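Here the chain labels run A, B, C and D in written order, and each chain numbers its own residues starting at 1.
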């Protein structure tokens, strides 16, 4: 049976883009090489069909085809989390159940854009988590930069107390370092369940977030080996070594982390690294100019030089 | 062959909700009665699958089923405009073509949320209108209250000049009365094509908008006979009589026009008037409380009393 | 001693614009005629230096001059509430104390734009209400359309319980009718203090809001006699008569209620009615075109004709 | 006479916070040490009374006192740019003129929040730049993250062509690297005036921005020597050396660059470095917890260790 995410999940869940061919079709061959690339770099699991995966630009049939293809290539070796955010709750639940039946390890769901007050946010999740039922583990994508929904620690704690299937927080609010501390202080004090916290935002604050108690990352940086290496060193007790590794990649991480535009950078690095055949993005979406490519050449060359110096 | 919208379209295109059964399924029987209700009230055409139609909460199969059912009931008697906004342009174009093949009179499309500058907005439409091709007439839903996209008169004029398939503006920016005047002044001065302008926002400013040169309304007020009557009187030269009729309905129109919440009011008025069997809205969505129902009782009773006095 | 607002305040507090001369200076002569106009129309009190009063475009000296001049003209006859919102809390408290020393009846304060979660909003008010102290009565301007801050019923109830100087809510969230009901249900059930609720938004839903339990209006409609008449009739037990009166003014009220643009309409109606000498607005701000003036002519003529018919 | 910024300005204009004492008063002694600190680190000029300087939390008197004090300490040695953004244009112009009379080198102004279309943005600047007159040099703070105003390249080019006093762009739109390239391509092609572009955002992309043609930075990083060193090396032809220096500081720069929260980090680093006596921020504003201080200890220690290794 497929592995499930849980409140004790730790490690690196790489957020995968959806590979397209140059003419915009699903690229299933690249899907295979991309899965292999990620596994080769040591990730703990994969998350597909998120914002980064251009999920809203796929047809439902394409989503299913892509999901099936990934599941087949992964073949039970590692957990696959599936993005299931949806403006309609019926559609959300339907697709969520399909994904679980196809072997998903859990769902990543962001709250509906437009929710404002604590009670509105709680009520939305109450419906969603209740309708999914206690057996489907859910990762809450806490990403106000795109959803506009700012979730308080108080709401997260209520959800932790009320819904056992809320097992993971994908922490991407920024600034948000103190949010981690406040969440951990409560469970450390025995006042509530401890859930898994994996961080997003490309891992831009990963060393600081690990020191504050997160369990790893769920994000899409095009050099997953850095995320993996940082987490491994940190959990082995080498916080400084972890941060040294992180710092080497930070210039390009910061470059890739540009909101919206970053997806084009990320896909192109993956293409250059041989993980996918094309960096095509469906319309509407960003596109690298010749000048952007030159800049990326320089940043990648600098990274390679730095890694060579260290090695 | 089905009638098409064009730059000379005039009248009332009622924006139709999507009727659901109490348990949330598509209610095709109510779809029939709703179409009949609208025709009985004298609308010029119908617009389906917009925001009001909860389009984003339908499955693609449901959208097609609903579209087919409407087309069958309408049976070519009047034009049916179909909402086709989509976060992905491939999906937009695919569904748009399907809708046209099924007999749609044209498409209603809103710009992608997040577009900011004039050039970004123009570029988006350039792609969409080019990919749809010159034979598919498009109505631009200019509704910043939900899209956040504020379109300048300059951009609209560029689109008018460059794309013959841009034939209609659904004007809902608010405040926006002067926008109408500025658009009309240009075509009146012979400096550009005159397109059809139909107004939204429930018709909240319809008499003023007619006096400024619009061609009618494309909106979803639950008393379409008012919209029809106002337009008929106005175009027959009786601007004051048109506004008298409008004023009688304004209290309830204003009540129905509450953003988000208004859909629940509208569906319930349609239910009370026998147009649909249930006012169910899919989650997430507003729901009337007992107190809300009492308020609606009072407002509807007041309207009836006022109409009786006038008659 | 000056009258103070309190949790039992009832009636119409008119929100006053700040009159300027044609060349943009403070118009103190018109300040006098405006105060007289409002008193002549029967308002309960006046609120100055709000958003509508272009408070952020005055110098601090001008604010004090205007405040002093209004206080002198009012001469203790009726309460004057003073807007005191400020991006800095030190400045807020300093000006608030100055206003109270000059005889203000209380302060109108909106929460800082950018506050999101319940705890953030509460914490802001905790600081502000504590620093002002228990003797300064505060009206909470709940106006998310301009502040972006959406305040939950839960936060309002916490503030009611914790701060006796929070005595009034200026209710302008829209849609927001059910918010009134939820607030009143709690105090009606004896679960918390009952505060005064006055409504804003030009009074667009005043009859419905009165039926749901508000105590009047604090808003800036250019025909204050309507607000006064509606409240008087309603509190005298004639809810239907109140709403009849309201409906007569609704067309022009709706016109004046256009966000941003409405200030120009309002000032021009006041000018036409002889309350102020000029409808000048400081830059940046809206300005009526010739076409806008013609529209206003028509709407005012229709109102007069309607009132004549009724009388 | 005081030096003025111009279209050929190059270098590092450090954005200065406003130092407060622990009890929140203006700290003029720290103002002196802060100016000295900046000069000691080699900055080209100073910019005061911006968002970072908590300008909206000062009284007008405090602003003038602070401005005078800075001017006195600087004593004509280097240019001082003064923030003059204001919701009212009269107030903006009045304070701008005061600042120039007191010896400012120019003004930094952000467009009014809420402007949307190209024409709206242009019209705002047309008024402001015209009213300031051709002799007052202006730096356009292009910072949509706080203003919400997204300015197109087309608008900037129109302003460049129409207003000789528009001499500098403080570029902080993000992502925004290609914006620089597009602006420079035009002036390189001789199609318009070349203005100075200094970058903001703490310098987060400074090496990439320099390679794309900017003239330096106008931002508030607490290690100004890095900004100075990077610009010096770059303009001396050592782009790689410049970026090496940058990379060493990037971890702490990224930490300081957290929107809103970053001001507390920045002020505390300045305090730790002896530039100011207290890191106090006026309410409302962020405050470091003990855990935040520990994190900053670690990041500063890592930076020192890295600099020691390099040296």
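FYI, contacts are C-beta pairs under 8 Å (C-beta built on N, C-alpha and C of every residue); 3 or more make two chains touch, one makes a residue touch a chain.
Everything numeric here is computed off the predicted structure, so don't read it as measured data.
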| item | value |
| --- | --- |
| Contact-graph distance - origin subunit A, target subunit C | 1 |
| Farthest chain (mean CA position) relative to subunit B | D |
| Inter-centroid spacing, subunit C versus subunit B (mean Cα positions, whole Å) | 34 |
| Subunit C-subunit D separation of Cα centroids, rounded to whole Å | 38 |
| Separation of subunit B from subunit D, taking each centre as the mean of its C-alpha atoms, in whole Å | 47 |
| Subunit A: positions in contact with at least two other chains | none |
| Subunit C - residues contacting subunit A, complex | 116-120, 144, 150-155 |
| Residues on subunit D engaged by subunit C in the complex (per definition of touch) | 24, 54, 56-60, 87-91, 94, 112, 124, 127, 282-284 |
| Complex interface listing, subunit A residues touching subunit D | 174-175, 177-178, 181, 204-205, 208, 211-212, 240, 243, 246-247, 250-251, 254-255, 258-262, 289, 291-292, 295, 298-299, 302 |
